[in-house]
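Several structures are given next for inspection.
Both complexes shown next keep chain A, but they swap its partner, so chain B is in the first and chain C is in the second.
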Partner chain A sequence: MLLNRTTSGSRWRTRPDGPGKVTGGLSYLTDLSLPGMLHGLVLRSPHPHAAIVSIDASKAMALPGVLAVLTYADVPGLNRFGIARPDQPVFCEDRVRYIGDAVAAVAAETPEIAVLALRAIEVAYEPLPVVDDPERALLPDSPLVHPEGNVLHRNDYRTADVAPGFAAAAHIVEETYVTPRQMHTYMETEGGLFVPEADGRLAVYSATQHGFMDRMQLARILGRPEADIRVVSSPIGGSFGGKDELNVQPYGALLALATGKPVKVHHSRWESVRAGLKRHPMKIRMKTGVDANGRLLAHEVEIVADKGPYATLGAEVLNFAVEHVIGPYRYDAVDVKSVNVYTNNGMSGEFRGFGGNQAIFALEGQMDRLADKLGMDPWAFRRLNLRKTDDAGPLGQPIAVTAGASQVWEALAESELWRSGTGRGSAGSGPGIGATGGKSAGHDGSGEEGIGLAAARVEAKTASDRGQATAGTPAPPWIRRGVGASFVMHGAGLGVGIPDPAGGRLRLAADGKIDAVFGYEEFGQGLIASLEQMLIEQFGFAAEDVRIVIGDTDVVPDSGSSTASRSTSMMWQSLRRLRGPFAGKLIAAASAALAMPADRLRVGAGGIRDADGGELLLPYAALAAATAKAPVIAETRFEFPRSPVDRVGAHFLYTYSAVAVAVEVNLLTGRVRVADQYHTVAAGPVVNPQGFLGQIEGGSGMALGFSLTEDAVMSGGHYLTENLDTYLIPTVAELGGTFEVEPIETLPEGDEYGPRGIGEVGSVGLAPAIASAVYRAVGKRVNRLPIDPALLQETDGWY
Partner chain B sequence: MAMEQDEILRTPAVWHPGDAREAWRLKEAFGPAGVYVAGGTLLRTQWEAGVAEPPAHLIDLTAIAGAGEVEMDGEEAALGALVPLSVCRSHPAILARYPLLAEAARVIAAPSVRNLATIGGNVVSRVGDALPALLALSAQLVWQAGPEPHACSLADWLERERRAPTPASGVLVQIRLPVPPDDTTSNAARFFAYHKVGRREAFMPSLVTVALTGRIGADGAVEEIRVAAGGGQTVPYRLDASEAALRGQTPDGKTLAAFQACVEEEYEPKPDLFATEAYRKRAAANLAAAAVWQAARDAAAGRKG
Partner chain C sequence: MIDRTEARRASGDALACEINGDAVTVRVPPSKRLLSVLRDDLGLTGTKRSCEIGRCGACMVLADGKPVNACLTMAYQCEGKRITTIEGLSKGGLHPVQQAFLEEGGYQCGYCTPGMIISVTALLREQPSPTADQIEEALSGNLCRCTGYGGILRSVQRAIDLTKEAQP
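And now, the complex of A and B:
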């Protein structure tokens, strides 16, 4: 059944943080200010790679209104940060490695004086050769970004020799796929307020995806105990992985402590572009062979990722890519080599999809091309090679068993969009490029045009905004429609070898509210709404009974990070563990207060109710008063479920998804318009229908940008797209097509893991589906994103 | 240092002249330190990008009497330079007489920007996306560049600017458009098309802009045709040779191909990081030819129906 407002009935709820967000009434942490606060700014390197000869801050310090100018000499603790490997300097000592590298920071009475102070800091640099191409960076004569070499991480995975498979193959497809440096483009740029408290503690109001990780790292930098630092981190105006690592926090914290005054730091968009993380650009070469029946014999992969200057979670992202270039298919032999290479380009790091987006674009591209060579329907070809329900995971590891793979395969095959004509390898219902006698420049013309090439003239359903196709009338001949599809198997959780704690707390507060206390963050994904809905549906509380407490290290337990599609899944498991104990304690306390047997009572909306008649017997406020001496509280701690193997990063829980998309290619301009989308997602029960839909739609919007418009272009280590007038994210004009989501909620009997993550999967499958649809529309293969319209432009054949 | 600090910490003085002559006088007095500001939208992007520093004096043109008005009579329309793009996009008389201009305004920036941005600012920028439409409509410009206003054709002004850009000292007061002849009683079919190609579908800088107006006669031949193209940092201009190649011809496959080739040859766009010259040329030629193809088809259908 499709998921939408109508089919969700009463489960479709207005999200609690929605009104504040859409009216602008909600204050984010970067909206905070305090009387007398200072303004902090960071001096960043003008060079992608240079030696620092000297830093002289005396003139800046002498300016009236400047209260602090800090450099590496002023860092009391570790002058480094980074979640996995602390290798990024808070302040560079003798070398800058990218144009976001920090050299100094100032705090001043006004933002204007702070700008002046930055200009007054005198830094002498000696430029060094810039390493801006990861492949060249691997050559023996390349300049080094780090003395240890230019390789952050290699990860190889091999099941058997691939040579015999290629020798026996009836068809081999070899292709290189290139993906862009995508930017998270959260609406709220990095920032925060840093407040020295009267008791000597430091309060940090700044976004992160894991408050306790920030607290630990700040303690290490400041050389103070963690207990002296409070991190308040929600609400957040978007993150998508981009605020996972520290960004402004070290500077705000150091400046606040140095001056003893509150300091506000808030990146301009340009500074956010310059210093912030991006998706790792990857070049993925694949060689895949099949036998004449379509069975996959050999799959050889080489991944080269552009790391930029420091580690971030670059090793983990690469591991994820290795797992996902193998994905949901069975092969006789697999041989994957991968490397993440240091460069002086922008900083790559965590980003929704975590290496899966790049990997699956390549892998699904191979599947489409192989199916064509075989003359098979591309969807049927996938089925032939899909892992069976009880099969191991991509790295041969045991995984939680579900029928997700075959369920989404079938759902897509039955979907109206896929069947809408062009999907099943049926001959085109209209003339394709070949049929109209046009040339297909750029296409390798390997004789596959006939197969499933269905470039129908569009009977447009909606008027395109250019008036190219108006309702009811046939689209002009230069608009070509095609439908494509892709398959996604996406792992959740941090994987084997990385601490992955989870947990939470329920408590009846003194004012009678049920506090649900978790260490997760709300960055727009709808975590608060989902938690509220689970509390209502699983416990029977009313919305007014509960209060959600998150994002404050002084009050929440460490529930692990809000990353890797894990939070909702972990909240669900926490509540399942807490349900018995917490409800039991409430009822026991009520039983004592009311002098009634426990089996006559139940937990309900507003308070404890009569188990049979349902009358309200004891409101929660009264129960709270009765338990003031020994408050009712229940807490749980556990680990994200993981596969029992010794392969770092291997996943245990997977979400499966299949995506169909219709595109319209305009041959005059070569531009691609995404018309209609269908996403089926097997991720267990839908916890929050609106949130589920929002995640798939929102993820798909990011994937659309990844496919068609987004690329943070660099040259010689400098960004050429400095702001949102050249770095183009999709607008409502791009996102206007029909959008169907079909969740598959069934899990095998006895499954104890409940809802799987859906925070990332929506951002993965659209790109390969678009590439496939473009091929079906115009017969040209896309191997590089974002799609270059020049590739699809035709000078004749369209009238 | 102290000097620089003062520079940074001060905000520009803003002047509000009540007529164009006074505005021009202020500009004469301040020289390069004085800058006209209309909607301020383009200026702000220049300050933000660091390609220009905020000046010492801003000469605000919004108080100039009559500069925000749209006037029409039987012979021409006069658009005040301060008319916002949102008005160009939705004014009933502009929609009725100059749908080409309304269409161009529709695809510039986004609603909030169009409320501030003026048609005059778009023209004076020399690369505004409204320019190809105004060229195809044979616009005249009225300037206050001395004690008395004077008029010149948009095409001539842009041509001079294309060859040798000069820092403007005058105030653009008005844009005048001739009224299209009323041929509702004849069998001829008027057509127009405006296309903006960018790297996404809305709210983006242009790579290519093309505007066409013309008339297909009762015999199916192209009786009248005006084509202009611009986009990106290309100063737009009329494609005279391409127009000549089509004028008087019946737009069959062969003539259209010749016209398309001619546009591709005649249009010389500036490439940038995001699109090559070849891509832009092909896009302009394709869009122009497709527009004529569509017009011929519609005209034929009209004659039948």
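And now, the complex of A and C:
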């Protein structure tokens, strides 16, 4: 059943944070201010690679209104940060390695004075050779980004020798795929307020995806106990992985402590671009062989990723890519080699999809090309090699068993959109294509006449129709329509070898509210809405009974990070563990207060109710008063379920998705317009219909940008795209087509893990599906994103 | 002949205008951006700062009923104008456009939402039954990174219906 407001019925709820968001009343952390606060700014390197000869802050310090100018000499603790490996300088000492590197920071009474102070800091640099190409960076004569070499991380995975498979193969496809430096482009840039408290503690109001991780890193930098730091980290104006690592926090914290005053820092868009993380650009070479029946014999992969200068989670992203270039298919032999390479380009790091986007674009491209060589339908070819329900995971690891792979395969095969593109559906014959001289691109694909061009003769819709049906309107002959599809198997959780804690707390507060206390963050995904919905549906509470408490290290337990499509499933598992104990304690306390047997009572809306009649017997406020001396509280701590192997990064829970997309290629402009989309997602029960739909639609929007327009272009280590006038995220004009989401909610009987993550999967499948659709529209293969219109332009012969 | 009316008006370094129905005088340099006046001088932080070059629409407000980017509007240009921010829309309870976004879930992180709602409000005042092209045109200056615009377009549709229902 398609997911929308109508089919969701009463489960479609207004988000608890909605009123504040639509009225502008909700304060983001960058909206905060305090009387007498100072304004902080960071001086960043103008060079992608240079030695620092000297830093002279005396003129800046002498400016009236400047209260602090800080450099590396002012960092009391570790002058480094990085979640996995702290190798990024808070302030560079003797060398800068990218144009986001911080050299100094100032705090001043006004933003204008802060700008003047930055300009007055005198830094002498000696430029060094710029390492801007990860492949060249691997050559023995390359300049070094770090003394220990230019390799952050290698990860190889091999099941058997691939040579015999290639020798026996009937067809081999060898292709190199290149993906862009995509920017998260959260609308709220990094920032926050940093407040020295009267008791000597430091309060940090700044976005992150894991408050306790920030607290640990800040304690390390500031050289003070974690308990002396409070991190308040929600609500957040978008993150997508980009605010997972520290950004402004070290500077705000150091400036606040140095001056003893509140300091506000809020990145301009350009500073966000230059300093912030991006999706790793990857070059993925694949060689894949099949026998004459279409069975996959050998799969060889080499991944080269552009890390930029420092680690953050670059090793983990690469590990994820290794797992996902193998994906949901069975091969006789697999051989993957990968390397993440330091360069003087911008910082790459964690970003929704986490290496899966690049990997799956390449893998699905191989599947399409192989099917073509075999003369097979590409979807049927995938089925031939698709994992079986009980198969091990991509790295041979045991995984939670579901039928997700075959479920989404079948759902897509039956979808109207996919069928419309295979000649079995509504494909009609539009006039004009053959007669106007638009040349059909001659390519190696032998199946294109049968599939591609037949699909192209659909009555295409014009751009102004917004994808709504316009039966009978013939498309102009230079518009070619094609329908493509892709398959996604995406891991959730941090994987083997990385601490992955989960948990939460329920408490009947003194005022009678049920506090649901979790260490997760709300960056827009709808986490608090999902938590509220689960509390209502699983416990029977009313929305007014519940108070969600998140995003404050002083009051929440460490529930682990809000990353890796993990938090909703971890909240679900937490509530499952807490349901018995918490409801039991409430009822026991009520039983004592009411002098009634516990089996006559149940938890319900507004308070404890009669188990049979349902009448309200004891409101929660009264129960809270009755339990004031021994408050009712239940807490759980556990680990994200993991596979019992020692392969670092291997996942245990997966979400499966299949995506079909119709595109229209304009041969005159070479532009691709995404018309209609169908996403089926097998991720267990839908916790929050509005949130689920939003995650798939929104993720797909990011994938559309990744496919068609987005690239933070660099040249010689400098960004050429500095703001949103040249870095082009999709607008409403690019995303107006029909959009169907079909969740598959069934899980095997006895499954203990409940809803799987859906925060990332929507951002993955559209890119390979678009590439597939473009091929079926015009017969041209795309191996590089974003798609260059020049590749698809065919302007000859129209006049 | 150079018209110095605006410059003379602004020479006192004070901006006098109407903001959300209230007469406001605020001492700011004439070239100060409206975005900063609203957020930093008046504490109206519903108007968001994002690209600051007029591309993203997060800072959209109404000036005499027309949508403008507050990041590209200087204080002197607001002299005598009626400025409506997101906070002003709901003075008499939720505006139908706000109600529509709430019902349809036309937001996620919410950071683009005030600007988006301002643009939709301006559109529906001008054109109560907009075509798809008019909606696209009206929202082309508002970027949203979270929703993929699906929820926003459904909210616009719902806002059209709610606005019509609200008419006598």
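Just so we're on the same page, the second predicted complex is superposed on the first by the 748 of 799 C-alpha atoms of A that agree within 3 Å, B and C clash if a C-alpha of one lies under 4 Å from a C-alpha of the other, contacts with A are read in each partner's own complex, and residues count from 1 in each chain.
Criterion: contacts are C-beta pairs under 8 Å (C-beta built on N, C-alpha and C of every residue); 3 or more make two chains touch, one makes a residue touch a chain.
Keep in mind that this is a model prediction, so the values were computed, not measured.
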{"item": "First (chain B), second (chain C), both or neither touched by A:Y799", "value": "first"}
{"item": "Touching partner for A:R154 - first (chain B), second (chain C), both, neither", "value": "neither"}
{"item": "Touching partner for A:D725 - first (chain B), second (chain C), both, neither", "value": "both"}
{"item": "Contacts of A:R673 with chain B and chain C, given as first, second, both or neither", "value": "first"}
{"item": "Which superposed partner A:A120 touches (first chain B, second chain C, both, neither)", "value": "first"}
{"item": "Chain A residues touched by each partner, larger count belonging to chain B or chain C", "value": "C"}
{"item": "Touched partner set for A:F739, first chain B, second chain C, both or neither", "value": "second"}
{"item": "First (chain B), second (chain C), both or neither touched by A:L63", "value": "first"}
{"item": "Which superposed partner A:Q690 touches (first chain B, second chain C, both, neither)", "value": "second"}
{"item": "Which of chain B and chain C A:P789 touches, first, second, both or neither", "value": "first"}
{"item": "Overlapping contact positions on chain A, where the chain C interface meets the chain B interface", "value": "465-466, 723, 725, 730-733"}
{"item": "Residues on chain A engaged by chain B in the complex (per definition of touch)", "value": "59, 63, 112-113, 115-116, 119-120, 465-466, 476, 478, 667-671, 673, 708-709, 713, 720, 722-723, 725-726, 728, 730-734, 789-790, 793-796, 798-799"}
{"item": "Interface residues, chain A side, partner chain C - complex", "value": "5, 12, 14-15, 17-28, 30-31, 33, 184-189, 235-238, 240, 266, 268-269, 464-466, 468, 523-526, 690, 693-694, 697-702, 704, 723-725, 729-733, 735-736, 739"}
{"item": "Complex contact set, residues of chain C against chain A", "value": "39-40, 43-53, 55-56, 58, 85-87, 89-90, 94, 98, 101-105, 107-114, 117, 132-133, 135-136, 139-140, 142-154"}
{"item": "Residues of chain B touching chain A in the complex", "value": "1, 4-5, 8-9, 45, 48-49, 195, 197, 199-205, 253, 256-257, 260, 264, 273-276, 278-279, 282-283, 285-287, 289-290, 293-294"}
